């Protein structure tokens, strides 16, 4: 429904302070998912944790890896040098750039350490649901 | 004599792509990897960043130090393969002979070194390997200014690295613009501007005619007659596939090693991928040598899957490039520099320059600078040959999944395979 | 520009800027466009005048930075001229129109449910623990015969059609058009899950809801929207709507703006036209005419379905009801003056009709007196707020109750009373797809099921306390009720004794 | 009782003294049994004829011929059959009908065609009060009501769609119905002959029909003369007036928001 609370939840989760007010006021956190809107249609898009992740194929530093156990495609910001090849490779437009002096690529990491990703938890309308063992780790409904 | 189920010559991205692919299917078949370089697999594009001092030694590694062990690879590093007997399925290194069932040649390319007077002086470098970068780095204390020959990607990234290392740099490019394979005139100007902002001169339409100095480089003369003082010359006019191993063998070559859609050479069981291969370009619908990292990985992966008994075809090959110059992003894809008979949509604002090339209502290539977020959605339009219909007007504003035709959008929202290889 | 009358905002929007993170969720969630972001000063602002107090923004704000409260600004206090009187008079002096309102009568009339108290067993008869022993809430709606014949343990008489519901709580008429498809779908799904019924109202039946036919009451009202043989036969019960508690005696106009897309398809009228339900049904000018329509509907449904007739609770409701029963109604639905609406002239909503408590008692009494109580079930509606209201209604003589507003509240309604505008920030009374999609039918279904389940549990507890194990045993048993603070006249009409007697 | 008529199975039912439910049940059974032409003899006041046959197959093919006087709500909720009455119809003829045709060789009572959603009603003579109230249309469903004579007051009130044609045949002087088309917000009423323009609702506009309008009128007038005789040309010669709704939303400005 395009409230974008998922983005807020994601930003906070991926901030230093992990506090909704402090994170926003002290940092410029970036959401790893994006709500797209066009008239009444809206949906959130984020990394599909593809079986064959083009971003990983394209990553020049080896910063992007796919965990064979969980299927999660991870991006190691420490290794990333910000060449944006992954952004060009991702057909879903699901990789973004962090703010700051040395921006790096950022993407959905399925919120390690959380039972339910922050975006799913933040969604007030169950438009975002976590689906286990399905091909896309996080599937989205139009909630139309 | 050891017999490997899979032998791989070369130790870069294509090789890793193959290894990871093989191991996703075959956990036991033996893999032997032969590389003339002594290093653990490292990221070749990072060598300029290494030179600039941005990237540490350990971050140069493309895969973790335990990679070979974890993937069950017997790695022969610093072991140059001297020859291959394709009929007998043998390969020779200085250390001995090995046999193989399937072979991948992913030896990459080597820099083209032009014949220039003074080209053998100390201070003349090429930029292709980690060792090249190391040598250059150790030479840097003697360098105040440098001249880079070649305004291609390697030349410019090297120039950028040298600037960041505190060196005054002049780039010399024979063509009328830099990055002429990737960019059009205006986007090339955008790039040049980034260099000029750093005080770097870029000279086009000229070349180095002579390098002067005693033992070491002291100056260089250009074909326009001018001379400039410099302590270093970097030759970066391009790379050419390393074909030594297949010269006069049954392996068919053209500009590179010719491979079919399965990445297999004319010799069954022998595959090639990466910068050495002349593989299929899905956008141009023809084979060509495309030394781009994502293609190397994808090609290596397809080769690996097929080596391990799979049936995959390579459809991801395309001219795609994303890089930054002094932090300013520049991406290009497809026929971005080709524009005959095409419709061009251009925009230039605070978000950067964008250019879209359209033929028969299909996007065939584009360039974006500055704001490049979601460029992958645009690339997918090119790859999937999606009819633009009303999308044309939206290109400059930035396309989201929501703008795509419903059927394609739904597929994307549900799907998650990402890669366009045909299953 | 002429001097505008002084229009006080109704609500105050207070933003704690220490907490506001400019995420703009409030801006996106407000269909009234109260909130806006000013880029120049990097701040959110609020246009208090537009606020209807629906609380959507306050609920959605991730930092709790918003408080919406009644506006502290007052016209000069006046015992006779309340704030509301002033506000309405000012609105009308600007527009010359009829003041509309949504939801039910919000005036301070006595609520008689709150003046009725239930009994409980002590010593002389045991109470029943519903957790241990079966407790029957199942109810059958429809006419019951004078007598039945049982032979060899088998019922041999042919019963009029009966509709079984698992608990005597039904969702009252809420038409698609007045509410969003999502909201109606949730009602239908919840009804199916609960084994009860929902009511289409006079809005036709959307094709996607035909699958809930086993839980559907369809309405035939003066506009006859969406009424065709398929519609009639998709129902368990066909209800003729004569009147509605919130607007007795008048019809309804679904404004053309709401007759869009699927609403127009479902009502079977062109998009953009007003859907006008005339005040009377022009084929019903008498009890005889009503009978004609009742039997026309029975004919059209081959006597398979009970026909209900719904009227607003009005002064001589008992006499009307006996006529309805004699005209062949299998179910009498009574809607009290506190019943909700999507849109009604406020003056009518607040001043016409009588409380359901009296209407119900009067009708039940009269039907008993005339010996025809068995010939129709009674469904009472109009402002039921909790399970105590429900159980008291059943003790007063209802077979089941209709809940509307309570169901809407379960789905998120905060009673801002702006249903008639078509803007509903909670996605309930709107056809704007952007707003309607806020209501996820899956969530709304769960909440409706929870509400009715919770009430049903409470009813079982209260029944157990009364020492009865079936809702059947309570129906019309006014001895279980006592009145408090009521006059003799009120007690007499309600047919209950005073507390302590 | 069964016979073949024009190659279709015909059934004759004597309705004399039958309770309406029993009569309607017989009709239903006959149609379900394959009858396509039902002749009802001795009909006297039985209601809802044609109402309960909704689920019989191929209703579009069915004809019910009524000899006598059918009762109220003839063809209420009718959904396909053709009903021909050799006599007059009472109140509620074609109430909320959906599809089919009712042909009345006589008069019709009050509220003929009330809330009709489709189909056609042809009345040879006049009809009563509140005729065609709240007729509506949607998509291909467009009800048509043709009255040969005139009607009483409230003709076409709240009309939301469809066509009413009042031919004024055999009446003495102008049409006398008052409050014609009050609240009308869709459809069209065609009146042949004189009437007092002050007696139509204020939401109604009056114009001369154009060629397309007259083509529509002609189609139904021909149906009328095909059934009842007379000269279509003479009738079409008019003069006709067309009553139309001035607004789709007659009460759009009634409220203070």
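To keep things simple, chains are lettered A, B, C and D as they appear, and every chain counts its residues starting from 1.
By definition in this document, contacts are C-beta pairs under 8 Å (C-beta built on N, C-alpha and C of every residue); 3 or more make two chains touch, one makes a residue touch a chain.
Bear in mind that the values here come from a model prediction, so they are computed numbers and not experimental data.
Asks: Closest chain to the overall C-alpha centroid, by per-chain C-alpha centroid: which is it?
Replies: A
Asks: Quick check: how many Å separate the C-alpha centres of subunit B and subunit C?
Replies: 69
Asks: Using Cα averages as centroids, what's the distance between subunit C and subunit D in whole Å?
Replies: A distance of 37 Å separates the two centres.
Asks: Measuring centre to centre with CA averages, how many angstrom lie between subunit A and subunit D?
Replies: 64
Asks: With chain centres defined as C-alpha means, what is the inter-centre distance between subunit B and subunit D in Å?
Replies: Centre separation, subunit B to subunit D: 81 Å.
Asks: Mind pulling the subunit D residues that touch 2 or more other chains?
Replies: none
Asks: Where in subunit A do residues touch at least two different other chains?
Replies: In subunit A, residues 42, 142 touch at least two other chains, as defined above.
Asks: Counting only residues that touch at least two other chains, what does the list for subunit B look like?
Replies: none
Asks: Graph shape for the chains shown, where an edge means the two chains touch. Line, ring, star, complete, or other?
Replies: Per interface graph, the chains form a line.
Asks: Please list, in label order, each pair of chains that touches.
Replies: A-B, A-C, C-D
Asks: Provide the residue numbers of subunit C that touch subunit D in the complex, in ascending order.
Replies: 91-92, 94-100, 222-225, 227-229, 232-233, 253, 255-256, 264-265, 268-270, 272-274, 276, 278, 282-283, 292-293, 295-297, 299-300, 302, 420-421
Asks: Touching residues of subunit D toward subunit C in the complex: what are they?
Replies: Contacts found on subunit D: 21, 24, 47-48, 51-52, 54-55, 72-73, 76-77, 79, 91-92, 95-96, 98, 111, 114-115, 117, 130, 133-134, 136-139, 141, 154, 157-158, 160-161, 183, 185-186, 248-257.
Asks: Flag every residue of subunit B that touches subunit A in the complex, lowest number first.
Replies: Within the complex, subunit B contacts subunit A at residues 17, 43, 45-46, 49, 54-55, 59, 61-63, 293-294, 297-298, 301, 316, 320-324, 327, 329, 331, 333, 372-377, 379-380, 383, 400-403, 412-421.
Asks: Over in the complex, which subunit A residues touch subunit B? Could you list them?
Replies: So the residues of subunit A in touch with subunit B come to 34, 36-38, 41-43, 45, 48-55, 57-58, 60-62, 78-79, 81-85, 87-93, 95-97, 103, 135-137, 139-140, 142.
Asks: What residues on subunit C touch subunit A, complex-wise?
Replies: 18-19, 21-25, 28-29, 60, 62-63, 427, 432-434, 437-438, 440, 442-443
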